Amino acid sequence: MPAVVIENVHKRFGPVEVLKGVSLNVEAGQVAAIIGRSGSGKSTLLRCINGLEVCQSGRIEVAGHVLDQDPRRLRELRKDVGIVFQSYNLFPHLTVGENIMLAPRIAKGLDTADVRILAVDVLAQVGLSEKFDAYPDNLSGGQQQRVAIARSLAMQPKVMLFDEVTSALDPELTGEVLIVMEKLAKAGMTMLLVTHEMSFARNVADTTVFMHQGKIWEAGASSEIFAAPKTIELRSFLSAGTY
Amino acid sequence: MTTFGWPEFLFILRAAGWTLLLTAVAFAIGSLGGGALAIMRLSQSHFLSRAARAYILVIQSIPVLMVLFMSYYGLSLFGIELPAFFAASASLAIYVSAYLAEIWRGSIESVPFQQWEASSSLALTRTQQYRYVIIPQAIRISLPPTVGFLVQLVKNTSIVSVVGFVELSRAGQLVNNATFRPFQVFAAVATIYFLICFPLSRLSRYLEGVMHASRGH
Amino acid sequence: MRIQLQFEPVIAELDLILHGILLTIGLSAGAIILGSALAILLVGFKSLAGRWAGALVDAYVEIMRNTPFLVQLFMIFFGLPLLGFRMAGTEAALLAMTLNLAAYSTEIIRAGVDSIHKSQTEAGLSLALTRLQVFRYIVLKPAFARVWPALSSQFVLMLLASSICSFISVPELSGAAAIIEQRTFRSFETYIIVTCTYLLLALSLKALLFWLGRKFFPQTSGLARIETKGGARR
C-alpha cells in the first residue's frame, strides 16, 4: 500500500485548469522530487495533498487517509502529514520552542512535559538546540526554515511535504536546510518535495517527477530521469537552467 | 399623553434640519480655525508650533461637552451672551478646529518627502512649495479622514442642547417626554442620523479605496 | 470690568467631584473590559461562523457607528424599562458604553485580524489545529498588538464620552458638575475644575495604555505595529 496515492486529479482556479489529470504513487520510505517550470502545477499538487487546495475531481489517499472536505477527517490527516512552506510561516509572537510545542499540545492533546521533551529532541535533530527560547525574528532564514521543519516533525508525521523550501533563502543558507532534509530521507521518512535544487533531486530523491502544463510529463528513478530525459520539454528544462 | 404621530415626526424632522445647519456652520468655521492651526503647527516658529500643539492636545483630551461648557461659560464671564445657535456653532467650531488641524497636519506630513526635495530643487520658496506642490497633494490625502470626521461632527451635535439649542436629539427627548414611546421616537431619530451619517461613512471609505488605488503601491 | 472667580464653593463640594471621578473611572473601565471581550467574540463569530453571521455583525457595527452615543443611551435608558428590565441610570450607562465601544473595537480588531497574512492561518491549519484554535493561538495576539495604538485611542475616547451619561442624570464627573453648578451658581469655576480633571484622567489613561502595550506586546517578539490614522470618534 503506497503512502501517497494520487489518482487522476483535476484542479481549476476559476476558468484556468491547473492540474489536468495527475496520477502518482509514492511508496512508504521513498523520497519523490517534483520539478518543473513555474506554473506547471507542482505547488498546487502538493497543497492538494494536505487539503490546503481542493481538487474538483480525482482521488487522493495519503497515510491511510482519504482526502475529503470533512474538517475533522482533514485534521486527522494533518496530524500524519506535515508540510514545510517556502516562507517558513513561523508564528512571530511565539518563541522557537513555543512554535514547536503548540500543535502537539493543543491539536494532539499531549501532556505539556512530554511535549517539551519532544520539542527539545526535534530541535536537536535540526541542529538548533540553543535557539529554544529565541524569537523567529532573531534567526536567519535558514535557521527559521529548520525550525519550521522541526515544528512539523514534532507532530511525528508519516509523510512530509516540502514546498520549494529553499527558494526564498540566500544561496549560502540553503545548504543547512538541505542537510537536514537529507538526514530525514536517510532516516526513512516518506517525503514529497517540490524543488529547484536539481542536484538534491538527483542525489537524494528516489523518484523524480517532471510536471509540465498541469500534467506529469515524465516520471521515474532520479538517476534515469536526469541522465536520459525522454521528452524534449524535460531536456530543454534541464539544460536551460532557468527554473 | 399624545401619540407619536405626524406632527411629532415633523417636529423631529425640522430639528434634523437644524442639526444639518449646525454641522455645516461649525464645519465651515472650524475649517478656518483648523487650517490656521495646521499652519501654526507646521511653522518654523517654535512658539507657534508649541502653542498649537498644546491647544490641540487639550481639546482632544477633554469631552466635547466640556468644550461646549467652557466656551459658553467662558464667554458669559465676559458678559457675552450668544443666542443658542451661535453659542453652539462657536463651541463646536473650537472642537472641530483641533481635530481638523491634526488630520490636515497628518495629511501634509504624508506627502512624500521627495516632493519637498524636488520642488526646492526647482528653487521654489516655501510658500510656493506649499501652494503648488504640497497642499494640492495633501488635500487629496485628507479627503477620506475629513469626510470621516464630518460623521463624528454630525453625531456630536447631539449634545448641544446643554446650551439651550433644540436639535435632533433634543427634539427626540422632548417628544418622548410628551408621548412616552421611546422605541418609536428614538428609532425615528436614530434612523434620521443613520440616513445622514451612513452615506458619508461610505463616501469616506470609497475615497480611501480610490486613494490606495491611485497611489499604485 | 473685573471678573470675580470664586472657587471656594466648588471646592466645598469636593466629595461630589471625587465620587464623580470614581464613577467615571468605573464606568470607563467596565466598558473597556466588557466591550473588548464582546468585540473579540464578535470578531471571532464573524471569522468562524457563516456569511450571515458576518452580515449581522456588520449591521450592528454600522448602526452603532452611524448614530450618536446619546441616542443609543436614550434608547436603552428609556426603552428597556418598557420591556420589563428595571434599569437605573448607571446600569443603562454601562450597557450603552459597552455596546458602543464594542462596535468600534470590533471594527478595529477585525482590521488587525485581516492584516494577519493568510500563510499564518495555513501554517496553523496544516498543523491540525481547528479554525478556532488558529484564531485563538495564532491570529488574535498579533492582531491585537498591531492595532493596540488605535484601540487605545478608542478607549480614551470612551472615557471622554462617559460625560454624555450626565444627560440621564448619572452622577459621574459631568453629572457631578451639573449638580455643583446648580447649587453654587459658579458655572465657570465648576467647569474649569472638571475640565482639568478630565484632562488629567485622559492623559493618565493614555500613559497607562501605552505602558500596557509595551508590557504585553514587547518589540523584541517581532510583532509588527500598525498605526491606523485618526481612529473613530463617538
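Order as written gives the chain letters A, B and C; numbering starts at 1 within each chain.
Please note the rule applied: contacts are C-beta pairs under 8 Å (C-beta built on N, C-alpha and C of every residue); 3 or more make two chains touch, one makes a residue touch a chain.
What you are looking at is a predicted structure, and each value in this text was computed from that prediction instead of being measured.
**Student:** Count the smallest number of chain-to-chain hops linking chain A with chain C, moving only between touching chains.
**Tutor:** Contact-graph shortest path, chain A to chain C, evaluates to 1.
**Student:** Which chain has the mean of its C-alpha atoms lying nearest to the mean of all protein C-alpha atoms shown?
**Tutor:** So the chain nearest the centre of the shown protein is C.
**Student:** Give the label of the chain whose average Cα location is farthest from that of chain C.
**Tutor:** Greatest centre separation from chain C goes to chain A.
**Student:** Averaging over Cα atoms per chain, report the distance between chain A and chain C in Å.
**Tutor:** Comparing mean C-alpha positions, chain C is 46 Å from chain A.
**Student:** Can you give the whole-Å distance between the Cα centres of chain A and chain B?
**Tutor:** 56
**Student:** Any idea how many Å lie between the Cα centroids of chain B and chain C?
**Tutor:** That gives a centre separation of 21 Å.
**Student:** Which stretch or stretches of chain C touch chain B in the complex?
**Tutor:** Checking each residue of chain C against chain B gives 1, 3, 62-63, 65-72, 74-75, 78-79, 82, 156, 160-164, 166-167, 174, 177, 187-188, 191-192, 194-195, 198-199, 202-203, 206, 229-230, 232-234.
**Student:** Inside the complex, what are the residues of chain C that reach chain A?
**Tutor:** It is residues 119-120, 122-131, 133, 137-138, 141-142, 145, 220-224 of chain C that touch chain A.
**Student:** Would you pull the chain B residues touching chain C in the complex into a rising list?
**Tutor:** On the chain B side, the touching residues are 58, 61-66, 69-70, 73-74, 76-79, 99, 103, 106, 145, 148-149, 151-152, 154-156, 158-159, 169, 172-173, 176, 182-183, 186-187, 189-190, 193-194, 197-198, 201.
**Student:** Write out the stretch or stretches of chain A touching chain C in their complex.
**Tutor:** Interface residues on chain A, with respect to chain C: 50, 52, 71, 75-76, 78-79, 82-83, 85, 87, 89-93, 102-103, 106-108, 135-138, 151-152, 155.
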